[in-house]
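Lettered A, B, C, D, E, F, G and H in written order, each chain numbered from 1.
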């Protein structure tokens, strides 16, 4: 399956036996795969600030360091999520400029520090135990070029803490809301704002939380219509979606 | 199942034909239940205002009417839950004084109208669709002799509606909170009051609500510590538990 | 619920009968809600084009008509989702200008026809059976003032149908992607675009689709990072979230 | 994003400013989608005997008839699965040569009756209630050009019935095994033969069968290594996979 | 977050520089939260005896010690649940008066030892393995100022053990009943008493207990109407709800 | 499928036309099943009183009648479970001696009325709604030749009702215990007796009973060791297992 | 808790100080439990050979040893299940005559070695990995005084291995059948015998076996009517039920 | 287990000491298995290249080594799956020619290296984390005598990577497709080819992947009809099924 038939056609153009317009028409009927064209354009402009990402959990420190180094060689920002201190120590040796964001359990290398987001991405967490996931979202939004703000430990059982900080909510162009247990916070926040809310269920809880299933189901059933949901503990995904929205 | 055999034995002691020690030995071999000792005291004082209850769903109108009539004969209040208009028509014929509480889908006959509860049972619903379950709780609390109040359609996505009525919450000695979908309302209410909250998940919702499972799990994982939970759509149970608490 | 008691207090300050410090202390004991401060601003500007919504499923035609009419009286656009032809007939009698969008199973009354969205909301469906959900998203986006486009029946088992229409994808500022069965389409679409994708699992399928659970789980686990998810069959929610994003 | 850049390139070939080889190299870097080439070849030879398929369940008779007719117009065999008698009556009017396979709840129109399969597809069912699913597999295999045989009501609780018919098993080039309840039959059959077994869990059963989940899980855990599984009640899929194997 | 801006405004009214009407208008634009009106009254009287609580599981000893110490500084009772001996050793160093309740796996510091509960909270466990959860409930009730009693190892398969201790049940104003495996005990206890029963499913069991799910479902389906349920292993929650009921 | 071909072969040995060694070789190529060796002995003695059974649910009255009639022709007792009155009317026409056991929703034809069980099978139900399942077990045990007794409406929330009838329990050689909702009764009964208990979860309940799943899980986790479990609503299976035990 | 108060009352009857009628009345108010009537008869004859049992899993070696020793003091046989070698070492020190059954992971002390079972309990396992559970059932049956036999590694994918040993099956008075993965063996065995089969799902398997759930569901849905089921991995329960049946 | 007893009987017929009828009767009482008729033919030709397999996970290195050695003694190829380096070290000592396939976590001993498959088995993985499962399938296919090819890291979110390698797909006679997370790859691949696809869900993912359940459900609901599925992480099973298909 080589490019010979294409080459033959092009030769016929050169020879004047086929006009360019005829050639375009014929090429439409060629099976494109044979041409090998199918490569998606990885043009820098489109990808500006988008990080290469490593999911560290379950990988050995040496593995993460090796992948991290290879990504650094490809240019752009690099982000390793769910990374332990051991992961960082290994990466640090290979890439001395790498930074450990402890709360977020993330390793970053930010070379493109331009601002791509138009407004502020606000990250909210219900409890202190949800902070690692919230910080993962925050670090992701930062490395993708967004102004960020956060509001932590404002769970629904103490609704006044959230209301006292309503101004922070109002400054957001897009919100990421992280909650475990009953996962109610996105509904309350969603009702207080008029911008998109990306909800992240966390696995915080025990017993009938079923590792985040309770929070996930609650968020999918939110009675606030401006809420959409990502996977349990997927702070990275939420930060990524929020960044993409904030660039529009 | 009378006590005649016991009496006969005791007479034999009196007559000197049996010694007390022999009697103790023999009594060990009597089935104690026949003596009536194990019988739970159905004394009116303890049961005051507690209704006899019929779960009408899945029963034919004639069946419900027949059971209702038999319970009327036993005295006290009678309550039929999950009852349709057809159920009521049949009951009405058999027991003309029966009343249909349409919103609650309940049929009641209240003969003991004394007040047994010390404070007010407040029933709250998140959405208008949760009202039938909320009303079932309310009617149950009423027929068990409680002052009641209610607050409907105060879901968490419009938190101001709840806050605007905070005074109603503060008047409660015990609360029943009904919610479907994400089931977040009990957590918010629980955080605003200092009395017990009985949470009722409802089957309102679709898709990933899984007929109330989402709300049930959310309520079991409530971050407000004063919340306990009953079965999905179990308005009766919530009203019953609340009444029992309110009598203390 | 007016501000008269506040005004009276302030007058007393002016009159010198109450010191400012006393006033602060008293105000602490006023129920702040009565002051109207907590009231969410329902200002038209913020809500422009946002519809009042009725979830018709499980409601009787007369009920839907009655609610629809009341909402019409409040002004703005009105949308009834999951509405049957019977629902529409009842609404039509009460509100003659109401329109039935049959594919979407939606009844609309659009009085505010301004354009609020900045780009195009593109709605995609995997199969023909997913179209009702897709159309619900599309009608929602339309009534909220968005340019819309759609691409139906482009499921992943015939990936060429999607690729042949890549231009439509590229025109989108935000996408809504609906799929039942294995729910794979959002991942593929997410990989082809650089804008946010709102994924809607549908209940289309049988057996191990478990009424949309399979598609829901697939979408939550999407390996494309720009995907967030709403509830099963929640076309309205997806259209709403997409509209909110498109207004930014 | 039109084909202008391509046209420009081809013109440059014609003009002699670019050689065909250079053009091929450059075209590799063009985004192929702009060329519109991506059309999959629907060549008849590859599709020989493969039916166009309609999943009738949930569709109205008139709908099925309309789709059926359109497919007939496209040529080839047509198959409508999960079709009721009412579906058939409507189809029959539109396509008089359509045939109803009552046991299989299938409507067929077979115009290509060539044999494409090399051996026999044997379809087995555990109970009589599993026969509709088994027949759907059988009719699918037939319409795709296979010799078929079947063996019904040979469930594992009467293992002798299966053993008495071992010869039928041995004649198979590929087997489809349908079972509900405990779903054990594919494991037993798989252990008796040396050819591939396609297992179909059916929704036959009650209580803890959970509509076929029990059988599905059992089959996925088969201790016979030559077993693979399709969706619950998916007789069509099993017949299709078996046909594809039998053509090799 | 003080009230100085409000005070300044009120002074201006007094000084005649601002009219009351102007003041009302301006106050509408003040973020009400800054005024401190929305602040929940953390008044000691309402919170008397209520502990600050730390969920130790998953936290490092040093973390628990640090949080514990901070809470001690805020006054009142402190309770750390699900705490190991290692947790205690760390806390003990930071807060020498802290006490370890080994059976309950709880660390306590009780400074307010007043009695707030009006009757006795009786804690019951089905098996010896349920005792840690039962003790957590008991310690919670104690630290919140209740008379407590307990009855352990009275599971339903030896119903006589429970009946022999019926007097303990009758002394309760509210009961906490803990059970794993089939979770039947709350139903039996609920039928023997006329006071509220707070049921706690425990994760004791194996196989189809699914970490407490079996017991949880059983309790939610209790045929005794005076039973409400908290999360699996949530002894603290049960003790808290029971305390709140006992204060009424 | 007789043994004639074998007999013929053996005759040939006798006649000297075939050597024993040749015979062994030939026999290897005979399908052994044809020899009847593998045939399960359907000898009357072993099967005495065992009914042929029809699961009527989901079958049309005419179908049930037809199968019933065919089974009658084969001799022995016949039992149709989950049969409606309509089913019975159709059967009655075909088999006039058939009897409808309304409570059990069963149709029976008992021709072998001998007693095969050595003791009494006692069937117990927790609630009145569980009676259809309990009666199915009872009718099954009866038609299989057992002395039976029953005890209905003795749920665990009124434990005295069970204890008052302890004598009935003690008369049992084997027990069948049916319960829906929390499914606790088998554990309590199991603790009171020293014989095998066959537990039947019923689908009675709502919400978190999940159609009998709660009761099923509870019974599988019974803390009474003499309990084994059959499928949800499987009264027939329980009656069958109990009968088999009672014959030993 | 002796009978002294009763004796005193009876003496008063004898002395003529109390009439029998008065005595009956007074006895009604005595807590019946104190009389010891309700006490389950722990008579040796009924309990002959029944072991005291310890579930070792999750307990420390020292704990198991301590409980074991205490049980030894109470007389009778003792059995510790799910016991590791470490558990045994600790028990051995405390009770030198204790024996470790390594395959069964059980520690036993058998002092009552009489035979109570009338026939043979046959234990069957599908795979070699199911043997620990099977051996637990076997050891339980042995210590309860039964003749036992076993048949291991006769899974359904090699059905001939089972058929080759049909004689062992036929010798059984009751069978215990253990299987993981698809859990099909009890159905096949159930179809080959005419005695009760106690099925034990094991947690052997991976992926969609969901720790034994697949096997559990399969067994509950067995199409063989003589099968009842115990909890996943509950070899002890199966051995216990089988022993109880074998004593009848 | 030879045929000597049969031969002896036949000799007696020949000798006239037994009549053919008597022989038939006696043969009925012979255990037919002893005659060897029921014995599955383990003939080399049928089993050519099929490996003996050990599932190493959960077994100790010494155990695996011992089983491996015994299998080697029986001849043929040997395969140990899910084997760690420790497992290999132990096997290597016992069987020096054993080879460790690290990526596949498999130990192999290949003595029969003939080619039995007619075409190429192509193994595809969605992500790099799925490679261990994919390699297990590949190694299995190799050891069973197939030409193999692979294509890794071609997940659906970068669909071009798959399309660029379409030629590899087209060379396949049967495909194995491994994917975790949303499990969409088999549907896309299935739509691109006209041969059977064996799908393997992997447990790669987190949160709502539920250890591979999401991928499993997606694959079972594949809209490509040529897809069948094996258990989660069951690379061996997929390689085995593919090999069996490739031999046809």
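Throughout what follows, contacts are C-beta pairs under 8 Å (C-beta built on N, C-alpha and C of every residue); 3 or more make two chains touch, one makes a residue touch a chain.
In this text, all values refer to a predicted model and were calculated from it rather than measured experimentally.
Q: What is the graph distance from chain D to chain E, where chains are linked when they touch?
A: Step count on the best path from chain D to chain E: 2.
Q: List every chain that touches both chain B and chain H.
A: Chains touching both chain B and chain H: A, C, F, G.
Q: So which one's got more C-beta contacts, B-E or C-E?
A: B-E
Q: What's the call on chain C versus chain D, same or different interface residues, using the half cut on shared numbers?
A: different
Q: Using only Cα atoms to place each chain's centre, name the chain farthest from chain G.
A: Max centre-to-centre separation from chain G belongs to C.
Q: Distance between chain E and chain F based on Cα centroids, please, to the nearest Å.
A: 50
Q: Would you kindly tell me how far, in whole Å, the mean C-alpha position of chain D lies from that of chain A?
A: That pair's centroid distance is 38 Å.
Q: On chain B, where are the residues touching two or more other chains?
A: Those would be 38, 40, 158, 163, 192, 207-209, 213, 216, 220-221, 231-232.
Q: Can you name every pair of chains that touch?
A: Going through each pair of chains, those in contact are A-B, A-C, A-D, A-E, A-H, B-C, B-E, B-F, B-G, C-D, C-E, C-H, D-F, D-G, D-H, E-F, E-G, F-G, F-H, G-H.
Q: What does chain D use to touch chain F in their complex?
A: Result: residues 129, 158, 160, 163-167, 206-209 of chain D touch chain F.
Q: Quick check on the complex: what are the chain F residues that touch chain D?
A: 1, 31, 33, 38-40, 57-58, 201, 203, 211-213, 216, 231-234
Q: Report the residues of chain D in contact with chain H in the complex, numbered from low to high.
A: Per the touch definition, chain D meets chain H at residues 40, 46-47, 53, 118-119, 163, 173-174, 192, 194-196, 198, 216, 220-221, 225-232, 236-238, 240-241, 244-246, 248.
Q: In the complex of these two chains, what residues of chain A are touching chain B?
A: Touching chain B from chain A are residues 126-127, 155-159, 163, 180-184, 187-188, 190-192, 205, 207-210, 213-215, 217-224.
Q: Inside the complex, what are the residues of chain D that reach chain A?
A: Contacts found on chain D: 3, 6-7, 10-11, 13-14, 16, 19-21, 23-24, 27-32, 35-39, 41.
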